[in-house]
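Just so it is clear, A, B, C and D label the chains in written order, and each chain counts residues from 1 on its own.
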Amino acid sequence: MKNLNNEFVIQQQLNKKKIINDPVLGFINLQSEIIFDLIEHPVFQRLRRIKQLGLSYLVFPGANHSRFEHALGASHLMRQAISALRLKGHEITEAEAEAVTAAILLHDIGHAPFSHVLENTLVEISHEEISLLLMNRLNKHFGGKLDLAIQIFTNKYKKRFLHQLVSSQLDMDRLDYLNRDSFFTGVAEGTIGVERIIKMFNIWNDQLVVDEKGIYSIEKFLISRRLMYWQVYLHKTVVSAESLLINILKRAKELAIAGQQIYSTPALKIFLENKFSPVDFKRNTMVEGKTVLDWYSILDDNDISISIKEWQWHTDLVLSSLAKSLNNRKLFRTQLQTSPVTKITEGKILEIITREITGDSALSKYFLMTGEITNNAYNKHNGKILVLDKTGNIKDMQQASDMNLNALTKTIRKYFLCYPKELDIN
Amino acid sequence: MKNLNNEFVIQQQLNKKKIINDPVLGFINLQSEIIFDLIEHPVFQRLRRIKQLGLSYLVFPGANHSRFEHALGASHLMRQAISALRLKGHEITEAEAEAVTAAILLHDIGHAPFSHVLENTLVEISHEEISLLLMNRLNKHFGGKLDLAIQIFTNKYKKRFLHQLVSSQLDMDRLDYLNRDSFFTGVAEGTIGVERIIKMFNIWNDQLVVDEKGIYSIEKFLISRRLMYWQVYLHKTVVSAESLLINILKRAKELAIAGQQIYSTPALKIFLENKFSPVDFKRNTMVEGKTVLDWYSILDDNDISISIKEWQWHTDLVLSSLAKSLNNRKLFRTQLQTSPVTKITEGKILEIITREITGDSALSKYFLMTGEITNNAYNKHNGKILVLDKTGNIKDMQQASDMNLNALTKTIRKYFLCYPKELDIN
Amino acid sequence: MKNLNNEFVIQQQLNKKKIINDPVLGFINLQSEIIFDLIEHPVFQRLRRIKQLGLSYLVFPGANHSRFEHALGASHLMRQAISALRLKGHEITEAEAEAVTAAILLHDIGHAPFSHVLENTLVEISHEEISLLLMNRLNKHFGGKLDLAIQIFTNKYKKRFLHQLVSSQLDMDRLDYLNRDSFFTGVAEGTIGVERIIKMFNIWNDQLVVDEKGIYSIEKFLISRRLMYWQVYLHKTVVSAESLLINILKRAKELAIAGQQIYSTPALKIFLENKFSPVDFKRNTMVEGKTVLDWYSILDDNDISISIKEWQWHTDLVLSSLAKSLNNRKLFRTQLQTSPVTKITEGKILEIITREITGDSALSKYFLMTGEITNNAYNKHNGKILVLDKTGNIKDMQQASDMNLNALTKTIRKYFLCYPKELDIN
Amino acid sequence: MKNLNNEFVIQQQLNKKKIINDPVLGFINLQSEIIFDLIEHPVFQRLRRIKQLGLSYLVFPGANHSRFEHALGASHLMRQAISALRLKGHEITEAEAEAVTAAILLHDIGHAPFSHVLENTLVEISHEEISLLLMNRLNKHFGGKLDLAIQIFTNKYKKRFLHQLVSSQLDMDRLDYLNRDSFFTGVAEGTIGVERIIKMFNIWNDQLVVDEKGIYSIEKFLISRRLMYWQVYLHKTVVSAESLLINILKRAKELAIAGQQIYSTPALKIFLENKFSPVDFKRNTMVEGKTVLDWYSILDDNDISISIKEWQWHTDLVLSSLAKSLNNRKLFRTQLQTSPVTKITEGKILEIITREITGDSALSKYFLMTGEITNNAYNKHNGKILVLDKTGNIKDMQQASDMNLNALTKTIRKYFLCYPKELDIN
């Protein structure tokens, strides 16, 4: 029997200009063949199975949107940004336009399931590094058609503003996700004026800047970003769920490495039973018939969910107890405070946990999570937002605004503490 | 070690009045304790893992919304309908209000993964029957608090209009899902004037009717429903994906029953390897330590997705080939026609499939799907929509509207045919 | 002292590409000089002072939008339609694009205050005729730059589909006003999928047609149009207010022609004291120092409102009584019925009016209004909507739709009857 | 002949619970008789003829919304605020609820045409004082039913938080107008989360405060307010138009007082030819058969527009020239600067104006407007926004927010300069 799917790339030559319905942005037009082909590729299709906001759907039931949609949306905004800049007289060749669109489309392709949570738990490599590995692999597959896209993505291309459209304080990533996350969570206040911001784009000295008239829209963007951080991304119940997930995976990995029998889906199994270094990803170390990168690129949210569902009945009471909590949304109580949790407090709570729940002080740490969350809406070290006035002068957004943005540049740090709701710790 | 989760029901006595952000309806207020408790129950939480529109997300990338959100939304609309009817002077006691809200909240609780697709493939029992089984079980768990809700759900309660709010041509189910599906697919044209329709509700002779002023909103509702059917629910690519899913599961079950080694998640395994009758569900037949109903109530979309992902590498070429097609969205071509597909056409295509793909006529049927899809926006046999005029006279919507609704009551039937895109069948 | 304003046309040469904020359509880009210049002209600026929906704001408080906004919106949609057609390979030169945009921009320029109501009351010429007179005048002013626009407007240009974009069942006029009126009245159900309809446009045999995939959007458009007619345009309280306005102006004109002293603003005075035929408009008859067309083009809604406000204190009790009713929104009761109002009914009510209000049978007719309102959503005599299927065949929308559109093509006629609310006529 | 309109109040006893379509807020329910009766009164109906944003429609074509709609909207939000506060356990009697709703409904009833512009030009009394005079008059008309509303409005009622709902930094006035103006101008970025802010309302120590969870929504509200100020309310073209209007009326009043023949509508005539002090309003000075307050309460935007339209042909060249500019939107150029316009600059420009336009230095001042505009989003002297944390402690918003709001409390002052566009002043 012949394999069906190999034939496709060759045979589907026609009609790669497609229109896709996007609830946030309306109709998205795919305008070039390579963009269509990238979207069709299994590595990109995998993003359909990775939620954009991880476990946030446990607080915002509508937040089931995927990284697939976000990547499409960001590529759509990229096309608008290109038009806006061209209208102001800046040259962007069609090859550059295609490349920068491909770069934003693929910027998240290396994301682990449940977002950032799993980095440093399951794998010890950042998603940006994996994105680049996968882009290189796709580039090989498509015969070098992504050369320019990769140069832009890695900021090695001469026109530096193209990289800024992909990665900077005003990149298409942020412009898309703020509105998208606001749309699906129902936190309407997070909405920003994307269309207007893009119309205000300009280029000065090979840098992406904003026309002076756009100052208030940028202020609004920064404030919305800040609001979304506190109200959604760092929502204390979301923090609680994510901490729980980390502890579950830690315990599972521990058991697995200790050689205990532990259920898991095939792709997750590989990452539970092994510790891979970045080198294993880059050098294509083989495990059970596939490279590490291959295994990674078939791992998605469902692997985690299914495994946790099954762990509810595991004989290890720590694992089963935590798994039940997450699967059935019996989340831990979270306390936020402005100073770090002291050792004394931790010790006191661990004692209560031992007394009330585990009966074994060695296990109690799994029922207490502490950590810090930080938020700064405008990180000036990370490339400033520059404002161009009518006379051609350039200013940093902080100077240009008559509002004190220092506050927005300051990193706000909060410390959290999660423990089972039934504990009486006061 | 103590089990954490049993304690919860007792300890979380306080603050069961919650506000939930819903992107479609805004803030949803949970107004009673039993509603809160039902939502917290694992059987209801499972709905978070069942997509409202099954595989439609392969065509509409935003359509990742879950049955969980829909059930919450429908319960919110129910509260509005109750207010509207009370304002018109109809008595609805608080106990009735709570019961009818619980009934709509739970109406879909028995849904299989990927919606209707899996009924008759994996299980031979309708989701409505399972919903009732689960409601009875919850009723026992909550000490009879759902007695009235179940009476309303099964249309045994004296006030029959309450049942109609749960199940009829104008029930809260439809009012919620049309707008919700329209919202998440981005098919803005499907939007209906829910708020206005509900304000037009009235009761006549113990039946839910609509005030005459609402006629045009009802017409619009029927047309939107029709549009959503053709544009979304019966979209030919969605039909193609669903047919593929059915064939995949058929093949997998066949292999499993034939005793072949086949990967599957624990919950799916039970349903692949056994054939259960409705009686097995009702009598609580035990399999591998759980009742059939228990197994069912832990089965969700992820079980199917994960298993199909793994089947891409199965040694059975039919299974692996189909699994690759679905997992990576290499869907079959679909042709719609107004007459049934003839045996001759089928035979001809099967021959080509045998020649081009399978090399074995016994396997070719897995690569050809045929069937029919039907649509009628207003099914008059299924309880009419009644219109109340100012003088107190009642008419069927068909008479009341000066538009010819016959067309909408007629069942439109189309026949489909799906086969691999690379085949040249003409 | 020099006159300021003559200088402007010459001096404002630069920067005629403007962006205008439109709450319905977002940002509107003016893309050509002539469009900018037409908008700047006083004859077009006058449209700011003519409400799009006349007296409907008395029922829908948000409906204060003007014909100015509508004309801008329609011109914006025209640009989108041109792009969509060009994308499908149809040639439209830039000169044609500019001309057809100018034609839609100016299509309503001859509108009387308070829309259709005043035709046949104050003037005996249709607004379409006046639009053409004003377009010719503008053409002279702009040195023939509107030649092509006028050819298209009058359907004398060879490419007939361009005229259809300006005037047909699917013209930009309708596509804009349905959504705009829906937006400002708050009747959300009237919304149509403009963006999608335009994407479905095609050209066949020099006619504007719709691709088959767009059938459901067209059905939705026809139903929305019908809904807007009954719910907004022919709302019985709006009908009542418009009838009142007609009677007020009739009475005022009667008094004026009888030589009675009657207050009016300068522009209205001309039309109250004279009866002009279409010829007076075309031949530029002079009255009090200006041509009739000049006078007309400075007459706007405010002239009517101010005069009616003052008439509240006129000594003619008929006039003052009716003027008070309209100015303070004490509108008459309206009855709708399916058969014409009989002479007998009219007589009976007039008698009551004489007895209860006027005491003089000669005056009673001013307090009774009768008439008919009609609605057909799809007028097939007025140019059909044609649907193009994939094989290149063309069908009338009625055949193409599997829904019975006969109903929509049927003219629905209702008869109304308005009289003072305090009358007891039963 | 009997006068129709006196009868109405008596006869329309029934059905005063109406539903009104509002495009911004959806359906508005009128819930009490007195609210219905107030809306029906001619003094309130007059607000239909006063635009909420004055001349802003010359920049934002959609901004034709009236104070009538805004007052309805604010009364709707008041009802929501009352519900929210009652849900948190604060007692508000039905009489108080009705009174505070009436107070917000009437808060703008004394507004002059074209908003603040006309205060100090045509009349020398603030609109707040007139609102109170009119409320007292209505109170007499309705037999004292507004006693409590007036106490609340004037902050003499014991429950002071009720006054704060009518007038404070978080009053229903602001909550409605920000969203409404954002909606009609199309400046989507001005949108605030009204529903959420209201849900966060609480009462502490008889003051309206905000629950801590609402901090980010309040920040967003303050930033949106600031954005709307710069982008809409103080838009430089709007400033230019308003300055022009002031100069036109100054010149017209000058001519009128000098005894020159000058056209005007009856109501405007009174205010052009006389100078009234606040005492004239309060003591009911009679002019031409009506009290000053009577005349004021029939004056609306249309009186100004019609008069200016006619002044285009006045023999005074200053008046006619300015009138043409405004009527046909040939607005003056505006320059904004951070320091006041110096006498030297003024002198220089006046010289050019004399040379290029007027030929008479006494007239040149009419063609140059200077002034200042100021903006502070959060005026802490004007009653702080207080935040209530979970432990019951209260903080000023400035302390509660970890953002530096000092910037928002600082008054930003800009200076403007408007002169005819054709002047070359550099």
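In this section, a residue touches a chain if its C-beta (ideal position, glycine included) is under 8 Å from a C-beta of that chain, and two chains touch if they have at least 3 such contacts.
Quantities reported herein were computed from a predicted structural model and do not represent experimental measurements.
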item	value
Other chains in touch with both chain A and chain B	C, D
Chain located farthest away, centre of chain D as origin (C-alpha)	B
Chain C and chain D: spacing of chain centres that average the CA atoms, whole Å	31
Inter-centroid spacing, chain C versus chain B (mean Cα positions, whole Å)	45
Chain B and chain D, separation of their C-alpha mean positions in angstrom	51
Where chain D touches two or more other chains at once, by residue number	26, 196
Graph class of chain-chain contacts, one of line, ring, star, complete, other	complete
Chain B-facing residues of chain D, complex	19, 26-27, 195-196, 199
Residue numbers on chain A that touch chain B, as the complex places them	1-5, 7-8, 11-12, 20-24, 26, 40, 42, 45, 48-49, 57-58, 60-62, 64-66, 68-69, 72, 183-187, 263, 265-267, 298, 300, 302-303, 305-306, 309-310, 317-318, 321, 324-325, 327-330, 356-360, 363, 420-422
Residue numbers on chain C that touch chain B, as the complex places them	188-189, 191-193, 196, 216-217, 219-220, 223-224, 226-227, 230-231, 402-408, 410, 412
